[in-house]
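The structures considered in this document are given below.
Next come two complexes, and both contain chain A; in the first it sits with chain B, in the second with chain C.
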Partner chain A sequence: MLNKIAGHEVDRRLLLKGAAAGGLGIAGATMLAGCAPGSTGPISFGARTVDESPTIQLKGLVDAYIAKTGNEVTYNATESNAFQNNLSQYLQGTPDDCFQWMAGYRMQFFADQGLLVDLSDAWNEIGDQYNESYKIAATAADGKQYFVPQSWYPWGLHFRKSMMAEIGMDADSVYNWDDFLAALGEMKAKGLIGLASADKGGWEAMGMFDILNARINGYQFHVDLLAGREKWTDDRVKEVFRHWEQLLPFMNTNVLDLEWDGAMQLLLQKQAGFFFNGSWFGANFLEQSQEDYDDLWIIPFPEINPDNARDTIDAPIDGFCVAKNGANNAGGADLAKFAGDIEGVQAMLDTGIPMTSANNGQDRSSYDAFQLQQVAVMDEAKYITQFLDRDTRPDFAGPIIGPAFQSWFKDPSSTDSILESLQSQWDALPAL
Partner chain B sequence: MSAATTKADKPRRRRTFSGRDKVTLGFFVGVPTFLHLALVWFPAIATIYLSFTYWTGIHISDIQWAGTANYENIIFETPRFWEAVRVNVVWLFWFGLIATPLGILLAYQIDREIRGHKFYQSAYYLPVVLSMAVIGIIWNFLLRPDGFVNGLMGLEISEAISFFGDDRYNLWVILIMASWRHIGYIMLLYLAGLKAIDATLREAAAIDGATEWQTFRRIIFPAMQPVNIIVIVITIIESLRAFDMVYIIYGGRGGLPILGVLVFENIAGEGASMKGAAYAVILFLLSIVPILAYLQQQFKEDVR
Partner chain C sequence: MTSLVKDQKTKNSQKIKDRFISAFIGIFAIVWLFPIAWTLFSSLRPYKDIRANGILSWPSELNFDNYIEAIERMELPRYFYNTAIITLPAVFLTLFFGSLMAFVVTRYSFKFNVAMLLLFTAGNMLPAQLVFIPVFKMYMAIGDLVGDRRILYDNPWGIVLIHVAFQMGFATFVLSSYMKTIPKEISESAQVDGASVFTHFFRVMLPLLRPPLASLAVLMTTWIYNDFFWALVLMSTDNKRPITSALGRLQGEFVTDYNLLAAGAMIAAIPTLLVFFVLRKQFVSGLTLGATKG
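And then the complex of A and B:
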């Protein structure tokens, strides 16, 4: 928050400077234009993270862009929850030109509101470096692209290889629900936590709901439920919670007191066997040590209903958007294009922070074992979803589902009344 | 009585203002009035209006009349609203029955200049200089699963006492944190009032053989009437507007529901809906009664 405010001050000063410079010499402006067609003046970049690893990665990107084009770029960082909470106001105020955001409904909503810059031109240039699915994820209702993908990560079951070896468990062979419950039981008998879990932030548990629903009821039902075409009071949804309840005895008891990084600590410290989460936290393991990172492994969430096998996965795509109200739309779009181009991708990879890029040009032979395994987990899936709070209405996901799941953790026996309430709250939402 | 009548009977001398006076007065009255209207009344009335609409908070043209739908939604469909009301009411009773009386007791003892009263005074006042947000940060460091208290007890993260997550403690933990500051605040207010009380009142009571409790109950407490009202109003307002500390600890999404957080949760971020405005109006209505009482008291004093 503070970073943001400070950043904006710098931003404005730079803007004034830029204006002054523009008035002084057209020669300078043409020179800049020569370096980067269509972009003039300083650009500001908004990162929605203050964590160590992603900051190194993004600064690597920005530095490479500055080195290539000679354009001035200011880097503003905001803590990610604060950034999300402020996004509406941010985009309507004086936003950074290019900012980090997410694909899916979350992007489309703001594109529909006219707050994002059309990046179709950039896609015309760099589009052939991406699979069609990424282009679809970057496209809003009007058929234009408003998003440049950076990276993706799968949600799966993570564990530490060394820990599994110590307790003599073959975690790789956990294929279905029975295997999973047996493994959890074995760990519990050894005094370990089977499944590290968190939901203090109100979103962490959404990943578990997504995967259970997709495994039990299939991709189509999951998508339809989030779009309001199916009911939360459906018996099939209750079935999801019945399965979830079976996992509770193997979780840490303070789920509502831990945020995702607290649960990650349980895995890091080998107190817990499995951790169901997005693989992005590999970077946090690497911050600890190379050894911890090399020890990390991921497998797909086990099969529950053989009809669906393991065909669906939450694999959110992160990337960049350009804000319409930014001072420098052309510059922002140019920076976004650079970030999506293999040159920018390479600059991020060169920082040594692990990243599974959306860009086809990333040399997969450079992938480490953990990244290759992420790709393998991804390849097993036929259907890709973003994440519950990226796939449904924001006024439903954040303020309604989040607290509902939290109250379920407090009293799992109240499933029916929680689901009834969820449905009636969905019904009470205004039409979009 | 007769003195008052003569005063009132005397014809008031009319003041005449020069042109310059008028400009000055107009300036000094006009600017604050304008700012007040623009920064307080306009947003307040806009919020009340918006609470009867559907709007994503982006384009003015998208505002749609919703009638009382947001309120019906909150009252009939949102169990979280009633949980929040419960928490706010518990908060109010805790402040009213425990924290505020404790503050008064401390003020009374310090006013009696018990041994070490200077030390107690500073010690209890210290948290008041901290904002609720800072208090939230400090206590969060102490009580979170990897925090100081759990560490001191040698508990691993997985076994840590769930101070903020477990419904058995979280409300009470939060209330103790809030009281930590509130007690000092009330103490200071009350102490200021007590200092203003004529010492001869106490002496007279002592001569008449009143006990300590009787002196407080029959002499001091009634003499403190204006301060009492302020203390009551502040206690009510502080309990209802509670937000910052809870927001710091739970991050504004889920966690312990209180009305202030519900306003934020529904109006901030991507999920902006005018349900948030409706929550704000409900909170406003709940607070307006004590605020009116407070203002009335203030005006009465001014007249006196």
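And then the complex of A and C:
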């Protein structure tokens, strides 16, 4: 039933080989780790998407790997939500050897449980193709790497160049909080929505919290807060909400009725000036028309506390992990290494699907202006965070913070009681 | 004269009552039908129409484009096949084992037969969400024991087994209630004629169980067909999962086209609807089966 990528037929001998490799993999995965590439036997690859463009991209990667090594690779795709919700069972059960996953806490969580394969060896070989920040994002608590980055996208302030020209605003020069509030006020005076916002899904507003907290209190406090080392009832957190409250008058009034794409529509239709979101939605603009896409621009979120300048950015990194319980650890690691190596990156780029890769060696001459600007925004930051729901416990982010932010939107004056309840719910979580 | 007036009064009040009841039923019928009608309506509207005009607008066009796209993206034949190889064995085995159980607890009296019936019925009450982690661990342990983790986990037979285990309680309960209404004399005469236990079951009881078996088969088919949970947690390879999870293929990571999803849901519901309309009679009798104990 498995999808054969290269059109190879499964013959009996290969199946037997696979079974033998499977047995060995369970019995002594570490023994195999030293094997040379090309001799690893069949590998299965688990894609965390069924969407059209990423599928083309990933199949391009897998095909290139098959062409290079001659190894058999089967491609299994699962819809992303189902994959994510079921990952714990997946990793404990019969996972694919190499699978698509995310960096940061979401990776560490499983690495700490011993469900991922140590990829330090691969990092020794390809590590010099990446900035240090990516290596940090790929490292778990034990100091080893368990993740190979594929691509990233920054969270920033997006706007339409033509719209800013129409209302005579120099949005590029918005540098700090005062500039930002002045720009928003100007747009409000013109009857426009200053900042398109959404939080129906419960996660959209997390990005705003991340960036405000990092700007006001700094990277370290943000990371410590999400790891439970600081308290939500801290005055510094309240300061975040005081700043957030200043933005409310400039937002659309139906924040809780819109999902992120509803807020995007406001920008697309030029009803709103700014939209704070991950740059991935550029693809939706491109779907609409090339003209709309070319009109799109991004700048870093403005500085609030000069001590921190604009040194932090939410830039979720997607990439690959290798599952310990897979049948072929060595093969999985080899495939992951190939994906992180410039050769694999090039194979994905050759499919023509736009990607801002984490790899330094990537040929950026093919980047369009918007992609180059994303890189510029990214380069200004010293610290990369992964987005709130990737940086803290999964049982805290979705079920607890999400609804808490939503209730804050309903009644911003209840900040204190919401934060108290957040802290007490964190305290009530079972130890990991 | 007075009695006539009184009759008139009762008639009137009866009429008002009837009207009230009709209105009540009508409201509930609408409440029940609305989601289905809305799904059907949504499935016929293109997403871009909603993008442009909003959900509550008058549709500018209605067509079957969503259906065509859903069929393409859902890989229907594969997922229907997956559903079939789970549902058919599961229903068959549930009914088979359920009738054996019912036969024993009603026709033979021994010390534990009431306790056993209770056990089976009580097991049915456990929510699946409560037991799935232990079941998962058990499947893993059995897999490790025989050296192949896919012997139950990530295997259609593992799903079949868990369905049989879960549905058997209900099947046993219904079938034993029905069996109690069959006169004991039939069994006694079979035994007097020298029928063995197996002949007694297969040649005498089983043919008499045809009506409840038919209704149960219909109920079980719909229940097992509609299951999403077990296939999600006990399978790791998406293309082995049944049709209910194929609906997930219509969702994107960030955007979900709900109109397309509505079309997919309508397609996935067709087989259950067919089963229902073909075997409507059994379905209704199945709901009340076992309600009256002889």
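Definition applied: the second predicted complex is superposed on the first by the 381 of 432 C-alpha atoms of A that agree within 3 Å, B and C clash if a C-alpha of one lies under 4 Å from a C-alpha of the other, contacts with A are read in each partner's own complex, and residues count from 1 in each chain.
Everything that follows uses one rule, which is that contacts are C-beta pairs under 8 Å (C-beta built on N, C-alpha and C of every residue); 3 or more make two chains touch, one makes a residue touch a chain.
Please read all numbers here as calculations on a predicted model, not as lab measurements.
Colleague: Thinking of the overlay built on chain A, is A:N252 touched by chain B (first), by chain C (second), by both, or by neither?
Modeller: In the superposed model, A:N252 contacts chain B only, not chain C.
Colleague: Based on the superposed arrangement, let me know which partner A:M187 touches: chain B (first), chain C (second), both, or neither?
Modeller: Touch partners of A:M187: none, neither chain B nor chain C.
Colleague: In the overlaid three-chain picture, which partner chain does A:N81 touch, first (chain B) or second (chain C), both, or neither?
Modeller: A:N81: touches chain B and chain C.
Colleague: Does the superposition put A:M378 against chain B (first), chain C (second), both, or neither?
Modeller: After superposing on A, A:M378 lies clear of both chain B and chain C.
Colleague: Between chain C and chain B, which one touches more residues of chain A when both complexes sit on the common chain A?
Modeller: Touching more of chain A: B.
Colleague: First (chain B), second (chain C), both or neither: which does A:V240 touch?
Modeller: Neither partner.
Colleague: Where does A:G93 make contact in the superposed view: on chain B (first), on chain C (second), on both, or on neither?
Modeller: The second partner, chain C, only.
Colleague: Is A:W260 contacted by the first partner chain B, the second partner chain C, both or neither?
Modeller: Once the two structures are laid over each other on A, A:W260 reaches chain C alone.
Colleague: Of the two partner chains, chain B (first) and chain C (second), which one does A:W280 touch, if any: first, second, both, or neither?
Modeller: Second partner only, chain C.
Colleague: Considering only the contact definition stated at the top, list the common interface residues of chain A for chain B and chain C.
Modeller: Looking at chain A, the two contact sets intersect at 81, 85-86, 89, 92, 265.
Colleague: Using the touch rule from the top, collect the residues of chain B that touch chain A in their complex.
Modeller: 54, 56-59, 64, 66, 69, 72-73, 77-80, 144-146, 156-167, 250-255, 257, 262, 265-266, 268-273, 275
Colleague: Can you tell me which positions in chain A touch chain C when the two form their complex?
Modeller: Residues in contact with chain C: 1-3, 23, 26, 49-51, 76-83, 85-86, 89-90, 92-96, 260-261, 265, 280-281, 284, 325.
Colleague: Quick one: in the complex, what on chain C touches chain A?
Modeller: Going by the criterion above, the answer is residues 51, 73, 78, 136, 139-140, 147, 149-150, 153-154, 232-234, 236-240, 245, 248-249, 251-255.
Colleague: If you look only at chain A, which of its residues touch chain B in the complex?
Modeller: Result: residues 81, 84-89, 92, 106, 109-110, 113-115, 193, 196, 199-203, 252-259, 262, 265-266, 269, 271-272, 393-399, 402-403, 406, 410, 421, 424-425, 427-430 of chain A touch chain B.
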